[in-house]
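The two complexes that follow have subunit A in common; it is paired with subunit B in the first and with subunit C in the second.
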Partner chain A sequence: MQGMTQTGFRYLPLVLLALGWEAVARLNIIDSQALPPLTHIATAWVDLVRDGELVDNGASSLYRGSMGLLLAVVVGGSLGILMARWRLLDVFVNPLVELFYPLPKSALIPVTVLWLGFGDGSKILLIFLGCMIPVTIGAYNGARGSDQALVWSARSMGANRLRLLWDVVVPSALPELLNGIRTALALAFILLVSSELIVSQQGFGYLIGYLGSTGAYEGMYAVVLTVAFLGFAADRLYQLLMQWLLQWRE
Partner chain B sequence: MDGKGQIVVERVNHTYRPPRGRTVLALSDISLEVRPREFLALLGPSGCGKSTLLYLVGGFLPTEAGRILVEGKPVTAPGPDRGIVFQHFALFPWKTVRTNILYGLERQGLPRPEREKRAQAFIDLVGLNGFEESYPSQLSGGMKQRTAIARTLAFDPSILLMDEPFGALDAQTRLLMQTELLNIWKRTPKTVIFVTHDVQEAVYLAERVAVMSARPGRIKKIVETKFGARDPSILRSKEFVEKVDEIWNLVRDEAIKAQETKAS
Partner chain C sequence: MVAAVAGIEGTASLSAAEADVTRDAARRLDVVFRGGAGVFSVLVLLIAWEVFARSGRVTAFMLPPFSAVAERIYSDAASGDLWINLGLTLYRAMAGFVIAAVGGIALGALMSRNRLIRWFFDPIISVGFPMPKIAFLPVIILWLGLYDVSKISIVVFDAIFPVVTATLAGIASVDKELIWSALNMGASEREVMWQIKLPAALPQILTGLQVALPISLIVAIIAEMVMGGYGLGGAMMSASRFADSRGVFAGIVEIAIVGYALIKAMAVLRRRLLVWHQETAEHG
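Showing the complex of A and B:
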């Protein structure tokens, strides 16, 4: 009960913001074209869901986002852990990671389109490339920090090299790896929407751009808020997953 | 050397090469024999290389000069014939007490019912009933070390390598654990090499104490420390106190030397 009240208080600023928004829009303090009342946005949202536009575009976006992120987690996670254990790979790949790290990944939008066209492929590739960096770095730092005594203990109990990797190095890397994936999750949303906004005929980003350019600002806001909510919900769910996976830490 | 050693260390040198900085001769011309089911303490000031010697016997570090034989065979890698217990427990933090203890048994390929039975037997042995499903982070230091000892004993190594296992525990817990270790050792006799810098601990637990010199580590002297009874009552006996004094005199000079080299 107390927990629920506390959660309620935590989101009080959001409620106030929503009320303020409604008031400002209704009283025409800001041009109601530029900032439509929330109630109108809600109506537009219901319409978008009814005629299937939001759902279709959303499904396509979620597919791209989850595929790109999944690839980044599998490839980036393995790469980071192998780099930490295998010096030759480290020497070869680390400079590439360092070079690629500061590059704004959105600059690659035209490049991925050039390679894979306007469809799902280019978005998945972009998200994969962008998200791989934080995942690789997380896995690498986590795996490098694995305790020598744990490695030795496992070896003396008869673990071979592969076992050692799976039983000791991967779980040792888990806390930092999971943090890297959390960064990647946020990045996936950014890259998804910006790439769809620029070059796409489908997805949340496309819908935002399309509705905006046709003057359907209430619908545009409805999609923007939907994306914001999904991003928030995804991060919350991910945090729960992290807590569950790391319950052994106190 | 009478050739009866289960563990034979012959003229071993070891050079420590840090990634940066100059190389250090950690062990110099070490020769040592440990008999089957003997309890031997390696005693010396910090930095004398006693843990390094233990890691060499464990096969965790490569032997560069000289040789180390276990059961007549040269040591090349770690193996389940030599169990190790570390000062900071080295429990898998993501595994519970039970699954930590099960790990070695799984690697040995024991069938599941037998694994579970054995694990439970060793949980009982170290008195951790009721904590089977606890994670290491939920345990006290003493309980963590009990778990680590149970984990190592469970897969039944003939040799137990202990690297200052009670060094991270408070004084009361340490005394309890020492007595408990002796009881376990009496019930399941194993060859033990016990690294410590605590003279009283070495004299209390071991049958022989190998005193090491400050860096580079050499075996300065091996002292017999067998007493009739081995329980907390001997701690105040005259022969025990005298033995501690005798060994303390050997160690003191080395401890001072170790301090000086650290300061320089």
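Showing the complex of A and C:
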């Protein structure tokens, strides 16, 4: 009970902020077009869910985001671990990783459109390319830090190279790899929403832009807040997953 | 006996120094080797790009040869377009970054000193940080229009979070004994903040700024792409609309160079500002 009051007290500012929003909008201090009351936004949200628009566009966004991220994790993770274990690959691929690491990933949006058009393909490619680098760097740093004594003892016990990678190197790279994926997760949301805002005929970003251009600002706010909440929830869920995966490290 | 011990210590430190010298030489050789390999990899990438683009396996629309893209960048630079776009993008990104840096450090410092401010902003920061704030771009456009103000505002909105959290964490981890002894010697709260807490937190604050800088650039470019007009992002988008693939690839190369230069500059700044810190001694 006390814990609940404490949590309530902690998050009270958010409630105050929402109440302040509602009051400012209701009292027409700011033009209610530009800032509709939260209650109206909630009604608009229910309407959007009911007529399926939010669900359909959300499904296509989630599909693009998860495919791109999955590819980035598989390819980026393997590349990072191989780079850490194989010096020649490290020496020649690392400069390329360093070259692409500072590239503002949003610059890839027009290129992926050029290659794959307006549909799912260009978004998946964009998220894959943008998210791969942080995963690679995480896996690389993690795998480089793996305890050499463990590697030697596994080898002396007759583990072959693949088993060695999977049983020794991957687990010890896990904390940093998981941190890299967390960065990638945040980046995936940014790239997804912005590419859909700029060029798309489907998805959350498209819906935001469409509702905004038709003057349906209550609906626009509803979708914006939905995306913001999903990004927040995804990060919190991922943190739980991380804790669970790293339990063995006491 | 004493002399013998001193002698042994002397040789020990001498051989340690020798070991240092060899390790230094090895490290320097490694740096040269890696640097050479780095230049080599980039060259291979550019040559592979050129050869692949000319091989006829892809159309010049899908991938124009690097030489054509370089030519395009050169003509943009000669006509002055490049400098206008570059200047505007840098202005928007850096103005947003500087506001986020100053505002973020100030807010973090205030939160660490005042419990009420901390209570109010803590949940906002922890809920707002993981949100994809770029989704609010249409809202900001609705409020502020399609001008620089809205582009800079979205950059600030996105870049301020890592600065605040880094400042808070940095100040929280400052050695308490340092603060107590300063207070004991009669330092005021303000002096403790400026002369002890902020300098001691500087490494973490700089890490926060190093996270915020690429965010500023990413967001500035997205804002330009959404709103159109001048700027590197806007130029890329209009090139893409007119199916001008050379223009698109020229944009990528230009943006990549800008991003690389900014991040390197930030790393140099970090080393300069932290000359006194052991971190620099270890790497230098």
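Observations on the model:
In this text, the second predicted complex is superposed on the first by the 243 of 250 C-alpha atoms of A that agree within 3 Å, B and C clash if a C-alpha of one lies under 4 Å from a C-alpha of the other, contacts with A are read in each partner's own complex, and residues count from 1 in each chain.
Criterion: contacts are C-beta pairs under 8 Å (C-beta built on N, C-alpha and C of every residue); 3 or more make two chains touch, one makes a residue touch a chain.
Not measured: the values here are computed from a predicted model.
By the touch criterion stated above, A:Leu96 is placed in contact with subunit C alone, subunit B being left untouched.
Annotation for subunit A, partner touching more residues between subunit B and subunit C: C. With both structures placed on the common chain, the touch criterion links A:Leu150 to subunit B but leaves subunit C unconnected. When the shared chain is aligned, subunit B comes close enough to touch A:Pro171, but subunit C does not. Of the two partner chains, subunit C is the only one that A:Ala34 touches; subunit B does not reach it. When the shared chain is aligned, subunit B comes close enough to touch A:Gly158, but subunit C does not.
When the two structures are aligned on the shared chain, A:Leu207 is found in touch with neither subunit B nor subunit C.
Taken together, the two structures place no residue of subunit A in contact with subunit B in one case and with subunit C in the other.
Those residues of subunit B that touch subunit A in the complex are listed here as 55, 58-60, 77-80, 82-84, 86, 88, 90, 92-95, 103-104, 107-108, 135-138, 151, 155, 157. Listed in rising order, the residues of subunit A touching subunit B in the complex are 147, 149-150, 152-159, 163, 167-168, 171, 174, 247-250. Across the complex, subunit C is touched by residues 10-14, 17, 34, 91-96, 98-111, 113-115, 186, 189-190, 192-194, 197-198, 204-205, 208-209, 212, 217, 220-221, 223-224, 227-229, 231-232, 234-236 of subunit A.
Of all the residues in subunit C, the ones that touch subunit A in their complex are 33-34, 37-42, 44-45, 61-62, 119-124, 127, 130-139, 141-143, 214, 217-219, 221-222, 225-226, 232-233, 236-237, 239-240, 245, 248-249, 251-252, 255-256, 258-260, 262-264.
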